[in-house]
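Chain naming follows the written order as A, B and C, and within any one chain the residues start at number 1.
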Amino acid sequence: MRKNNRFCFNSIAILLSLSVSAFLTGCASSDKGVNGQVIVYNWGEYIDPETIRMFEEETGIKVIYDEFETNESMYPKVESGAVAYDIACPSDYMISRMIDNGMLSEINYDNMPNAKNNIGAQYYEQSRGFDPENKYAIPYCWGTVGILYNKTLVDEPITRWAQLWDEKYADDILMQDSVRDAFMVAEKLNGDSMNTLDLTELTAAKDLLIKQKPLVQAYVVDQVRDKMIGGEAAIGVIYSGEAIYTQKENPDLVYVIPEEGTNVWIDSWVILKNAPNKENAEKFIDFMCRADIALMNFDYITYSTPNVAARELIEDESIKYSEIAFPDLSQYDNLETYVYLGEDGDSLYNELWKEVKAH
Amino acid sequence: MKNAAKKIYIGLIILFLYAPIGTLMVLSLNASKTRAKWGGFSIKWYIALFQNEEILRALVNTLLIALLSSLVATMIGTIACIAMTGMKRQAKSILMGITNIPMLNADIVTGVSLMLLYISLGIRFGMGTILLSHITFNIPYVILSVMPRMKQLNPSTFEAALDLGSSHINAFFKVVFPDLLPGILSGFLMAFTMSLDDFIITHFTKGVGVDTLSTKIYTEIKKGIKPEMYALSSLIFVTVLTLLILINLSPDKKEKK
Amino acid sequence: MTSKKKWLSVPYLFWSGLFIIVPLGMILYYGLTDRTGAFTLENITAIASAGHAKALRLSLLLSLISTIICFLLAYPLAMILSQIQVKRHNFIILIFILPMWMNFLLRTLAWQTLLEKNGVINHVLTFLHLPALKIINTPAAIILGMVYNFLPFMILPLYNALSKIDINVINAAHDLGADHIYTFFRIILPLSIPGIISGITMVFIPALTTFVISSLLGGGKLLLIGDVIDLEFTKTSNWHLGSGLSMVLMIFILINMVLSAIFDKDGEGSML
């Protein structure tokens, strides 16, 4: 039995010393910068860390950076006040929800010349869908939702959502496993708005999704990327930001914006109402809107940037004029942005989605 | 013949448990960022790993939290087990039921309710809140693995030690504790494991800028998990396995018969 | 002795009171109110709606199957392991828990890589001219994921319980003419019941509310009760319904308590 003891204590001692030594070497000083700090809440991997370092160096403001994985996991943390953040970077519909609930603070464009001048007017225009007077949100990344298909696995070009209901692609289709994106596809196919609350339109969309279910290989969110690269499925619904990356990994993949129209999403910087460091927050956002910084972030994230000045600086012509990264939104008249549907609206969508999933 | 069958059976189970680990180790040497394609052999993710301060800091946090929370949970859990044997049957059943609640509740339910608790208590979110939460969901695993050993204890040895003039504490450490040790150890390890793995509860109870490996991995989902994480996992795994084998291969000569 | 033990229960009573019961009270509050804060039982009765009831049935079925498979795989293994020399005990325990030190999400993604149509296993099978495995995105894959994820939690308590059984008792039975089967059912199995109960609890109860496995390996085509609760909390932000459904699941803790009490009578006598 003593043997057992010794082993047990040995293992614990090893673990302890491992973690303590790691603690001593890894413990970075978390002092405040000379000009205070700013607390930023952003998506994971959604910024070039180098730009944060440059901001700290140029302004003397310490950035405390925190990450979330979905809009929905971000919201309760901000709302509950568990941590007082200065800046967040939610998506369109989540911003309209935060506006509704009075959680955001108005932007003062006079303090943010880069935000005023470098962001393209068309993106502010698009933002009005969820922020009617452009009072709260400064666009950071945007994109469309479309179809990614593998041209070696289909015998015709895919151009319409309707083709996701074609039986010859049974078990070769990847759908988005999220309420709004799945319903958006069906609603657009029916020619309805993706923000509809009309019960007949919603029921029609639900029936359509149930009809599609036997053909769907899997409902996935982030796995579309890897599954399409690996040739697991022929057709997948995907965010445009992934298109360039997936094509690089697998040249057989083609991204299209379906004819029936689709969702344009915009992730934007917002300053929170209870932000403890409002001035620093303005400085941070404006810094991120500087052309060279926005370009660094575009290179790092590869999601389309609304920063026109940054786009001008892109050297690679094939990306600068890429139809995928920078589609001309004026060509389409059936693009929409999600808006917050209210608690009852959300519940309604969720009930119908559960019916689809449980079918 | 019979021994061979036994060995094959153990081998198959180990293969089952380690197949994904092997896959991860192979992926950590994949030059391509995607798990869906082999892009050639490369150690670049290992190099990138050691240049990534954030991941290393998250590793430190993860180990510290896992170690401290499982140690505390093991102590509380073991003491609770001893205490429970002295309880009335009914009280014991109810307490066991309560113990199972954190295991049953979906992580998100536990996470959100603990977040609300800390807010109402006015506790500052940070390392401390993560620790409290981890201890909470670790205790059931300790209790559930110490309890069976407890029930199989022979009470007469303890009584005998007392009769022979031993104090309670002495009798416990000399007689009861060695018998419970395997249960305590596996409880500790389970707690450690659960703590390493937790994401959702940590997400809701962490303070700003305090990350663990799990929270880092999950936040990377949107943009694709970086293979540095595969590299780190492989390194941890190989380190622990080597240590284990070394300890196991150097038997204490005095105890060898 | 009993009086001395009373104060031993204080730390845990305090802890479970503050960190289990009080949060539970919050869940009860949310579960029994609607958005306006008015009292309602709707969140509880919602379990009877077609979609939720089906999700619960599926969850029960899949976690029951997984628990049985875990038990059938782990019991023989634990028996074999318990016969190995004492000095290797801790090494053995660690070998079976070590895989769990790799992050859950990474492990599950690795299973995806193994099981997919163009996955590793199918490459090996085609190479050997064997028919391909079509398990990904089916309920079978969910069960595999559950078994994989919870197996160690069955192995360890069984192993602990079995290795505690005195070999002399078994030898005595053999000396008295009992055959292997008789010894197993009359001696080994009854003596290992505390371990069995722990193992079943640690596999069945968490399996009932898992959700990530079903979407990563099951293709998101089956809705489990864990998925529903997760949806309500994270997608709709309807904490009320999510809490109500969680409360319903606590019935299974009660059932578990009753069952343990019935099967654990023998354990009671030999207690400290």
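The rule is simple: contacts are C-beta pairs under 8 Å (C-beta built on N, C-alpha and C of every residue); 3 or more make two chains touch, one makes a residue touch a chain.
Note that the structure is predicted; figures quoted are calculated from it, not measured.
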Based on the averaged CA atom positions, which chain is farthest from subunit B?
A
Please work out which of A-C and A-B is bridged by more C-beta pairs in contact, and write that pair.
A-B
Whole-angstrom distance, CA centroid of subunit B to CA centroid of subunit C, is 15
Taking each chain's centre as its mean C-alpha position, how far apart are subunit A and subunit C in Å?
35
Please report how many Å separate the Cα centroid of subunit A from that of subunit B, as a whole number.
33
Counting only residues that touch at least two other chains, what does the list for subunit B look like?
35-36, 112, 116, 182, 185, 218, 221, 247, 255
Touching at least two other chains at once: which residues of subunit A meet that condition?
3-4, 7-8, 11, 73, 76, 221, 227, 230-232
Numbers and ranges of subunit C residues touching at least 2 other chains
87, 89-91, 94, 118, 234
Which bits of subunit C are touching subunit B when the two form their complex?
1-2, 4-6, 8-9, 11-13, 15-16, 18-24, 26-27, 73, 76-77, 80-81, 87-91, 93-111, 113-114, 118, 120, 148, 151-153, 156-157, 159-161, 163-165, 191, 194-195, 197-198, 201-202, 205-206, 208-209, 211, 226, 229-230, 233-234, 239, 242-243, 246, 249-250, 252-254, 256-257, 260-261, 264, 267-268, 270-272
Can you name the residues of subunit B that touch subunit A in the complex?
32-37, 53-54, 56-57, 59-60, 63-64, 67, 71, 112, 115-116, 118-119, 125, 178, 181-182, 185, 188, 192, 203-204, 207-209, 211, 215-216, 218-224, 226, 243, 247, 252, 255
Subunit C residues touching subunit A in their complex are 35, 50-52, 54-55, 86-87, 89-91, 94, 112, 116-118, 137, 215-216, 219-223, 227-228, 231-232, 234-238
Which stretch or stretches of subunit A touch subunit C in the complex?
3-4, 7-8, 11, 70, 72-73, 75-76, 177-179, 213, 216-221, 223, 227, 230-232, 343, 346-347, 349-350, 353-355, 357-358
Once bound in the complex, which stretches of subunit A touch subunit B?
1-8, 10-12, 14-16, 18-19, 22-23, 26-28, 30, 39, 41, 43-46, 49, 64-69, 73, 76-77, 80-83, 85, 221-222, 225-227, 229-232, 245, 249-250, 301
